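Okay, so chain A shows up in both of these, paired with chain B first and chain C after.
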Partner chain A sequence: MSALASRLVQAIMVALLIGAATFAMMRSLPGDAAWRIAAGRYGYDNVDAAAADAVRAELGLGGPALPALLQWLGDLARLDFGTSLVTGRPVAAEIAHQLGASASLALVAVLLSLLIGPPLGILAGLRPGGPLDRGLLVASTGLKAVPQFLMALVLIVALAVQLRWLPAAGHGTARHFILPGLTLALGLAAVNARIARDAMARIAAMPFWRFAQWKGLSERQTLIRHGLRNVSVPLITYLGLQFVTLVEGVIIVESIFGWPGIGHALVHAIFSRDVPMVQGTALVLGLGFVVVNAAIDLAVRHLDPRVAA
Partner chain B sequence: MIRSTFLATAALALLAGPAPAQSDDRLDVVAQFEIQAPEPSTSGYIFTRMGIAETLVNADAEGHLIPGLATDWAVSEDGLTWTFTLRDGVRFHDGTAMTADTVVNALEIARGKPGPLADLPITGIAPGEGAITVTLSEPLAALPAYLAEFRSQILAPASYGPDGAGVEIIGTGPYRITAMAPPLSLDATAFADYWGPPPHIADVGYSGVSRVETRALMAESGEADFVFGLDPASVSRLGMLDSVEVLSVPISRTLLIKLNATHPFLAQPEARRALSLAIDRAGIARAVLRYPEGATQLFPPAVAGWHDDALSPLGHDVGEARALLAGLGWQEGSDGILVRDGKRFALTLTTYPDRPELPLVAAVLEQQFRAIGVELTINSTNSSEIPAGHQNGTLELALLARNFSLIPDPIGTVLSDYVGNGDWGAMNWRNADFAALVRGIARGVGGDRERAGAAAILQAELPVIPIAWYRQTLAVSDRVEGATIDPFERSFGLQYMRWAE
Partner chain C sequence: MTLLKAEDISVRDGGTVILEPLSLQLDPGEPLVILGETGSGKSLMAQALMGTLPPELDAKGRIAIGTQVLNAGAPARFRGLWGREIGVLPQEPWLSLDPLMRARDQVAETHALVRGLPRGKARARAGADLAALGLGGSETRYPHELSGGMAQRVAIAAARAGGARIVIADEPTKGLDAARRDDVAALLLTEMGETGGLLVITHDLALARRLGGRAIVLRAGAVVECGATDQVFAAPKAPYTKEFFAADPERWAPRRHAARGGPAVVSAKGLALSRGGRTLFEDVSLEIFQGGVFGVTGPSGCGKSSLGDALLGLIDPARGTVSRRSGNHPNDFQKLYQDPVAAFPRKRTLGQTIADTARLCGARPGEIETLRDRLGLAPGLLARRPGAVSGGELQRLSLLRVLLRNPSFIFADEPTSRLDPITQARVIALLTETTERDGTALLLVSHDAALIRNTADTVLALAAPRPPCRPDAALARRRVASTLH
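For the complex of A and B:
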C-alpha cells in the first residue's frame, strides 16, 4: 500500500516537473510562436502575416509566463488539458485517440519481443557456450546495432514489397500492426534475449538446480518448476527500462509507417509550437513511465516474495 | 512451455503470412497532407481534392474557369457588381438544399478567416433569386478565380459552429465522408444525390503519410492505389515496375530565391544578376530534381499568358558574374570570399525541410555561390521564418517553392507577392511600371502583352531569382484507370477513375 502511495507522490512530482519543464522549453525556443502555429495550421503555401496576426489575436499569445503556467497547472488539477492551438480540438480527445494507437502498437511490440527473445535466451542459457548461445550473441548484437528506421525499411522491402505478405504502411486492420510491431520487437528482443540468457545461465549454475536434477527431475521439469519464475524477475524488471526504448522507437516507427500515434503527435506539436499538446503528450508519456514501473514493482513482488520482505 | 511459446510464434507468423495483399474494393489514396480538423480554412484542400467539397467556380487543366456550383457569372458595366447564378438541384450531404443563403453564409465565414478572400475589396455578398451578388469597392477581374480556391468551398450551414469554426464537412461533392480520424485518415463513399455524373468507384479512402519513402513503398507494394507527391528517386524506381504507372505533369510552381532588395549587398540589380549567373540551373534540375532542364524565367510554361517564350533566358556564366561583382567594387579576399569596405560577401539563406528537395538545392547553391566568392550559411528551419523574416526585415536570402496558381488565375499571387508586401514574394522591391501593369491586369484592362511586359520587368530586375519549374508526380496502380493530374493541384479527379477491367 505504501508502495502505491509513494508511486502516487512520484506521479504528482513527475506531472509538475514535466509541465514546468516543457513549458519553459517551449517558451525559450527561438522564433515567434504565432508564426509557428500559423505555419502548422495553414501550411507553407498559405502562412503569411495575416495568418500569424489572426493566430496572435485569437490565442492572446505573448502574455507573461507565470500566469500562463499557473493557469495550465490549475486546469490540470481539474483534469482539463486545454485545446490544441493548431487543430482547436481538446488535447485530451486528441491524446486519447493517439495514445490508443500507440499503446496498442507498443503492446503488440512487447508481446512479440517476449515471444521471440526470452525463449531463445533460455535455450541459450541452458547450454552456455553452445552453438545457439554463440549464434544468439551475434544475432542480438547485430539486431541491436541496426537503427530502427533501417530495420523498418528492410522489413517493408522484404515482407511488403518483395513477398507482398503484409501492408507496407498505414493502419486500420490487424495486419497493419505486424511490420511496425516487429520493427520495435526485434530491437527489444535483442536485449531481453540476452537478459534471459544471462539469468538462465546464472540459475542453471546454482546448487538448487543441480539438486533438482539430482532428485530426478528432467531438465524440462526443472525449468518449469524452478527456472522460469527466477528468469522472469530480471526480465520483468528490465521491461520497465525498455519502456524508454519503446517510446523512442515508437516516435520513429510511427513516422515511417504513417501510424497516428502519440510519437507522431508529439513531433508535430513541437514543430508547430502547440504548447498544450506538447505538455499533454509529455505528461502522458511521463505518467506512463510511472504507471509501468508501479505495475512492474507489483509484478516482481508477486513473483519474488523476498523483495517485499 | 518453451514448445508452446514456439508454437505460438509460428502460429502468429502463419497468421501473418498467407493473408492476401490488398484485395478490397476501396480506392486508397495516399498523400503527404495531414487532416488537421474539419475546417475548410486549414484542411480544406484535402476535402476539395477528395471530391467532398466543391467551389462555385472550377478550373480545367489549362486553367480556364469553368462552372462549378455556379453555372454562370457576369459583372456589371462598372466592374463593381458580380452575379453568380447558382446550379439548381444541388444538395448537401446532409440532404439539405444548397440555396443562395447557404452559399452567402459559407462565403461570409470564409471571408472572416485568414485567406485570399479576406484581402479582397469586397463590400458585401448578398443572396438573390437563385444567385448571389458580390459587390466590390474597386474592379477585380479575377474574382471568379478566387471563388475557385479551396477556402471558398461551399459547405452546409451545419458544418460550422456558432463562431464559424468548422465542426463537420458537409459538402456537395460526389463523395461524402463516412469516417474521419484526424490527423491521418478519412473514408468516403459516393453521394447518391450528387448533382453531376455519379463516380464510377463507390468507396475511397485517404491516408496522410508524411514520409515520401513510405508513400513510394506503399505504391510499390500495391497497398495504395493513388499515391501523390513522389520524390525524384522514387519516381525512377517506380517507373521500372509494371504494376504501377507514374504520371507527371508540369505545374505552376517555381523553385526560387527570394532576396532582400534593400540589403546593401543586393540593392543593385547587377548584384542580383551576378547571383543569378552563378547558378547552374540545368545542373540542379538534373542532379537534384531529375528534371531535364532548369527555369529560364520566373513563370513556368504552365502559367499561361505570364510565361513568355520570347524572353531571353536566364543563363549560367561564372566569369560574367565575377565581372559584375568586380564592377560593384567587390574584391577577392584571402579565403576566396569577396570583400568590399572591409565587409565579406556573406549571407544567410533560409529554407525549410517540409519540401525535402529544398535543403538539397540549398547545399548545391552554397557551392555554386562560393565559386563566385559569395559565402552562404544555410538555415533550414520552420517555413514561417521566411514570412516572419520578411516582415521584420531580417531576412537576407530564402529558398522556397511558390505556386502561382493556388488561385487558378496567377494575378492573385502576382499581385500579393510582387505589388503588395507579399510575404512569399519580392522583399523591399518596388517598381512603379510593374505595379501599374499588374493593377491594370487585375482590374481587367490589359491582356497577354501587358502580362509579358510585367514578366520582362521581373526578368530584368530579378526581385527573386528563379531556379527550376516543378512537376507534380504521382503513382497509380494498375487496378485503376482514368487517373489524371490536375496541374492546378485542386482535385485528385477520383470521380473520373474506374476499376481496370
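For the complex of A and C:
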C-alpha cells in the first residue's frame, strides 16, 4: 500500500516537472511561435504577417510566462488539458485518439521482443560460454548499437523495398504492425536477452537448481518449475526501465513509418509550437512511465514473496 | 540386504590419482561416516557415488545400487538414480530450496514428477511428509520464512519423496552450532530408520560420534582407518587418526593465560545491542588487554559478531559506551572475517590484493615475505586467485593482510568455522601466537564453546536472546537484494 502511495506522490511530481519543463523549453525555442502556429493551421504557403498577428492576438502569445504556466497547472488540476492551438480540438480528445495507436504498437513491440529475447537468453544462460551464448553476446551488442532510425531504414529497404513482403509505411491492417513493431522489438530484445541470459546463468549456478535435479527432476522439468519464474523477476523489473527506450523509439519509429500515434503527434506539435499539445503529450508519456512501473512493482510482489516481506 | 556396494572407486585428475581405490557398502539401518579434512578426497567419493564429478576428473570402479550395477566412469547413467534411489541432503538447505516456491510444493513436485502421483495426491502426501517432520502448519511458507533447521527438514523430505532409500549428506553441519548439529544428527538417523541407508561425509567429529555406525577415515585420497565408529573413536590405530582427533577443540590443551599488561586496548561499559528493534544482549562490560585473548561464544544469532562490530565502531550500541585506546589510528583495529573467500576480490591474484594493502599502509619492503614465511604460506600462493587455494591457506592470507596493518586489536569473527579440525587448530595457534608475540589484543568469536574455553584468557558466554532469534530473516533479506540485481 505504501508503495502505491509513493507512486502517487511520484506521479504528481512528474506532472509538475514535465509541465514546467516543457513550458520552459517551448518558450525558449527560437523563431516566432505565432508564425509557426499559423503555419500549422493554414499551411506554410498561406501564412503572412496578418495571419500571424491574428493568431498572436487571439492566443495572447506576447503575454508574461508565469501566469500562462499557472493557468495551465490550474486547468490540469481540474483535469482540463486545454485545446490544441492548431486544430482547436480538446487536447484530451486528440491524445486519446493517438494513444490507442501508440499503445497497440508498443504492446506488439514488447510482445515480439519477449518472444525473441528471453527464450534465446535462457538457452544461452543454460550453457554459459557455449556457441549460442557467445553468438548472442555479439548479436545483442550489435543490435543495441544500431540506432532505431537506422534499423527502421534497413528493415524498410530489405523487407519492403527489395523483397516487397511488407508495406513500408501506413496504418490499418495487421501487416502494417510488423515493420515498426520489429524495429522497436529488436532493440528491446537485444537487452532482454542479456538480462534473461545473466539471470538464467546465475540461477543455474544456485544450489536450488542442482538440488531440483537431485530430487529427480529432469533438466526440462527443472527449467519449467524452477527456472522460468526465477528468471521472470529480474526480467519484469527491467521491463519497467525499458519503457523509456520504448517511448524514445515510438517517437522516432512513428515518424518514420507514418504511424498516427502519440510520438508522431508530439513531433508535429513541437514543429507548430502547439504548447498545450506538447505539454499534454509529454505528461501522458511521463505518467505512463509511473503507471507502468507501479504495475511492475505489483507484478514483482506477486511473483516474489520476499519483496513484500 | 546391502543397499549400495561400491567396489574399487578411484578418481584421477589427468595423470594424478586423487582418490585411491576405495570400497564401501551401505547396509540398512547402519550409517556410514566418511571422515577427513579438506582435500582428503571424501567429497570426491560422494560425487563419484552420485555421478556428479566434474567432467575433467576421471572415475573408475563399480557401483551396485539395488539391482543395478553402474560404472563410476560413466556418470551420465547415475542421473536416473537421483531422487529414486539416492537422495541428497544439500549442504546449505536454505539456498537449496527455490526461494519463490512454497514448502509443500517443493516436496509435492517430487511426488508428482518423480513418482508420478496425481497432483492432489502428491500435495496430500507432501503435507503428510512435512507433518511427520514436525512442520505441520508451515506447508505454505516460503523458504525465507523458515528457519535453517526447518529448511533442512523440508529439503530432506523433498530429497526423499521420490522414493530414495539412500541418503547422502555432504557436510550437513557446516557452520552450525552445537544444538543445531545435534538436531541434524537426530534428523538423519530418524530418516534412515531401520530400512534406509545413510552416508555422511564430514569433518565434524561430534556429528560422527553421534551418528555411530561405521566410519572410514580418509587422508590425501587414501583410507587411513576404518571400522565401527565407536571403536575408531575409542581406540584410533593410525597415527593420522590420532592427530585428527587431537585437533578437536574438545581435546586441545588449554592455553597458558597471558599476563595482563598496560591499559585496556578496547573496553566497553554497560553495553547493550539491538537489531531490528530486538535486544540482543544488555549490560555487557569488558576489557581487552594487550597480548590477551578475549573469547566470546554463544548460539547463532546471540549477537556475538555484532558485539565485535560494536567494539570496532562499525555499529552503534543501543546503550553503553565503547572506548578504544587513545593514540591509536582507526586502522589499528582490524577484523578477520568468517568467510575468507568472500573477503578477497575474486578476479585478482592474492598477491595483487595484498600488495594493495601493503602500499596503502606503507609497509616496509620485504614485510609481506617475512609474514608469509611466519604464517607458513608457500610463495607460489600469492600468484593464485582466491578460488584456487584452500580455505585454511586463504584464512592465513587474510591474517597476513590484517597483520600488514600492524594492528593493536584484531576481531576474529568465526575465523575457523569453515575449516576442518587440523587446519582450524593450525590457524587458531597462529592467531594466539601472533597475539602473544606482537602484543596484539585479540577478540575471538566462535560458536564452538570448547574452542573458546581452551584458547581464551577471558570468556564471555552470550545466551540466545528472547524470543529465539531468527538470523535467517537477515540472510533471506540479503538474498532478496542479490536476486534483484
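One rule holds in what follows: the second predicted complex is superposed on the first by the 309 of 309 C-alpha atoms of A that agree within 3 Å, B and C clash if a C-alpha of one lies under 4 Å from a C-alpha of the other, contacts with A are read in each partner's own complex, and residues count from 1 in each chain.
One rule holds in what follows: contacts are C-beta pairs under 8 Å (C-beta built on N, C-alpha and C of every residue); 3 or more make two chains touch, one makes a residue touch a chain.
Model, not experiment: these values are computed from the prediction.
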| item | value |
| --- | --- |
| Which of chain B and chain C A:F257 touches, first, second, both or neither | first |
| Partner, of chain C and chain B, that touches more residues belonging to chain A | B |
| Partner chain(s) touched by A:Y42 [first = chain B, second = chain C, both, neither] | first |
| Which of chain B and chain C A:K144 touches, first, second, both or neither | neither |
| Which of chain B and chain C A:R301 touches, first, second, both or neither | neither |
| Residues of chain C touching chain A in the complex | 50, 79, 82-84, 87-88, 90-92, 95-101, 109-110, 113-114, 142, 144-145, 155, 158-159, 161-162, 164, 476-477, 479-480, 483-485 |
| In the complex with chain B, residue positions of chain A that touch it | 31-32, 35-36, 38-39, 41-54, 86-89, 97, 112, 115-116, 118-119, 122-123, 153, 156-157, 160-161, 164-172, 175, 178, 220, 223-224, 228, 255-258, 260, 264-265, 268, 271 |
| Chain A residues touching chain C - in the complex, by the definition given at the top | 206-208, 210-217, 221, 225-226, 229-230, 233-234, 237, 303-307, 309 |
| Parts of chain B lying in touch with chain A, wherever the complex brings them together | 1-2, 5-6, 8-9, 12, 16-19, 21-22, 30, 34, 36-37, 39, 41-42, 113-115, 118-119, 165, 181-185, 207-211, 213-214, 217-218, 220-224, 352, 354-355, 381-385, 387-388, 391, 400, 403, 406, 421-424 |
